[in-house]
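Listed next: structures, encoded as structure tokens.
Same chain, two partners: chain A is paired with chain B first, then with chain C.
And now, the complex of A and B:
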């Protein structure tokens, strides 16, 4: 039975629950908008990285470099699209 | 045609390796799909017109259930892939089955949530905010629905043919898809719900 629950995956799951609880602090506690958004950005990206490395085995073969580069490219384009649109349409800069 | 024996079965042929790399490139395109939806949502977030705001319609309980159910399903499919790698077919099918049941549970809560939005007057055409919200949530929910059927068919294949280079490859690729949906949900949870409710 034990060999079905590798420590790496169980640890990853516990850590992902922990990150979710930290993110929930912004709901259950009073804090400034800046601090809350900082907590959310950090927990969301750490959580995404955790899934990518522990559960999706992104780096385990020789294609790992291409996979990480592809994901990084996707994230950069995503951030440029989101932040660029906010800059023009919401933040009025 | 074994390329490298030390690698798990799902990578065991050149075709299998290309399938996995190709699926990662598809996931890159999916990142962009959800990025455009998030962009629209952030732009429309405060354009509520005469309709309700996020803080007025979001409920913490269903959101928490959805989040923990999906996180757990991401863990169980991870265990399923691990069981597959050590050749434990029944354990693998059990973990995949639990994953799909959790996915179904997630979907039920999400449907409840959509009905709730309808009842409090937040429909697709109420405001820019509700349109962007329901499109983003709906796109994610549609992905989960597709995943349920896809996962079910994969399970049938594994049950019939056993763990072969082909079925292992398909199962692994399905697990990538499922984890990706969990990652998208984390961003929905953080930047739509928690940001809207704080």
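And now, the complex of A and C:
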């Protein structure tokens, strides 16, 4: 019976709803800009990871390592691009 | 009449009117010629609808050569204008348009398709595949590139050329300072061909990951395939930035948004930032496959295996990562603080290290090798010292404090031509000569080819080395004239002579092609160069199915192993071969994209909407189309193999 019931997916679905609710709180509750943005960024990243792993099945095939390496490479380049741009145009201008 | 006034060139000259007449006459001549020789059917069946990676590669090659001559004509005009002080050959506006189109044409429409030509022709052969992973997507990539290139090239006769430099910096490129449609052409033509480049990148990555011959692990790929793979990964990460930046810029110009304006919350410097986030990886997209070609050529003509395969791969991976970490060095003088400049100085200098590793690997490959100085090898040997000079001046420019002296001078112009010409153009000419028998089944004449090489190399040195000196003396780039008292005159005249020699070299290369078509013997056999990697294990020219039987590979030099070590490359019987069907949709989509882009440039919204619907209709059609490909029967394959003198063992 265990393999017939997709516990991981159902759990993931509930968890993703939970994350959405937390993100929605930013709209409904009165909080500082910094706190709101922190909550949004954190829930967004957790949500994206959840979707990738649970629903897009990353890591379930034999090229899982390559997929994670790719994602990591993408994240590094995205972070360097964004932090670099902020450094150039705002923090150090 | 008022409607048509927008298509007029805002700053005409007799030369532009002459070009208009020439373009019309040549177009009529081509149409009449094709009709007269009844070649429309042949053209449609064999070329316009083809999904064969070799034919698409050849079309890329022809387009790249055409664009080389267009960009070369721009270059000659610039050098002629600067040859003497206070010259009046061109006025400031024309000079602006010419240096802008020279840069865009050479990078986007010459170097990129040249690289894609070799990726298309060579990569599937080197990994023992029948075609690329998505043959029809490959055709769409080509036709999008072609639509973009044609759109960009009509700009100077319809509506005016872009004139804000190939970097198109804001606020100059904004509607306040660039009122003609020229910069719209820049945005939209590059956008269309950029989409094509992105799709080629995806296509090649998929091909290389999924379609390698049995036994070919990732570390046993021939070096050109490996370099193309890494280059395509850079494409995948860099081009989306350009796409977005161009969209933002297009909306700024056409819909009055404020991303890059100086007022209303826009930030003009953001364009320079985004442009170079794409632009710096772009130069590595160009140079890595060029390095791959040099690796193939040097190991073949030294008759030695490539020295340090693993360090070659490792250094390319490091280059691919570092290429995203250095973009600020293009605008050290923009006003950011010393901290930022120091960080990017260090990353820029760091990138010289893996490049140096590669140079030493090539030298050590040649060391104690039996070197044959064929034309491709001459280009490779010429590349090493010249590129090193370019690299060393690059390290000079990388020092941000010193860059305040070099920035936007001819020193910089000399530096990047010194890397791109020996780095990319020499590699492309080496590859052209090296793979010519693979593509067409006969050789280019060696003697004439060597003349071409010497003219090009000497012309190159004469044209660009004086610029280092005038640049250090303070000659700014993109200035259309200078006074006699600056003393730049004689050295610029020398540059002009060098440019003339380079023009002669390219004429010699074209003459060589024509001469060889007429005079070269057609029975070169399958192995004209005594080469090493898998692409030479099939016939010349390559039959449409590439390999009659799938090769089994045990090293990066499978063909050499088969020749010298008795490795059995092809096993089993010849079986029927599955091939993709031709399709006219990519070509039609190219035309629709051209119409869409043209209407976009002139803000004609009705044709834009209609052609966008057409594009989506083509895509929808494809989604519902059932296309299982076709089979070439075993008998047919055997017959073709027999015609080539028997199947390969």
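Keep this in mind: the second predicted complex is superposed on the first by the 84 of 93 C-alpha atoms of A that agree within 3 Å, B and C clash if a C-alpha of one lies under 4 Å from a C-alpha of the other, contacts with A are read in each partner's own complex, and residues count from 1 in each chain.
The rule is simple: a residue touches a chain if its C-beta (ideal position, glycine included) is under 8 Å from a C-beta of that chain, and two chains touch if they have at least 3 such contacts.
Since this is a predicted model, take the numbers as computed values, not measurements.
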A:13 touches, of chain B and chain C: first, second, both or neither? first
Which of chain B and chain C A:22 touches, first, second, both or neither: neither
Which superposed partner A:74 touches (first chain B, second chain C, both, neither): both
Residue contacts with chain A in the superposition, chain B compared against chain C: B
Contacts of A:53 with chain B and chain C, given as first, second, both or neither: neither
Which superposed partner A:92 touches (first chain B, second chain C, both, neither): second
Overlap of the chain B and chain C footprints on chain A, listed as residue numbers: 73-74, 77, 81, 85, 89
Touch list for chain A against partner chain B, complex: 3-6, 9, 12-13, 16-17, 20, 23-24, 26-27, 31, 33, 36-37, 40-41, 43-44, 47-48, 51-52, 54-58, 61, 63, 66-67, 70-71, 73-75, 77-79, 81-82, 85-86, 89-90
Residues of chain B defined as touching chain A within the complex: 7, 11, 17, 20-21, 24-25, 27-29, 31-32, 34-36, 38-39, 42-43, 60, 64, 67-68, 71-72, 74-75, 77-79, 81-83, 86, 88, 91, 175-176, 179-180, 182-183, 186-187, 189-191, 194-195, 197-198
Chain C - residues contacting chain A, complex: 233, 237, 241, 267, 269-270, 273-274, 277, 321, 324-325, 327-328, 334-337, 339-340, 343
Contacting residues of chain A [partner chain C, same complex]: 73-74, 76-77, 80-81, 84-85, 87-89, 92-93
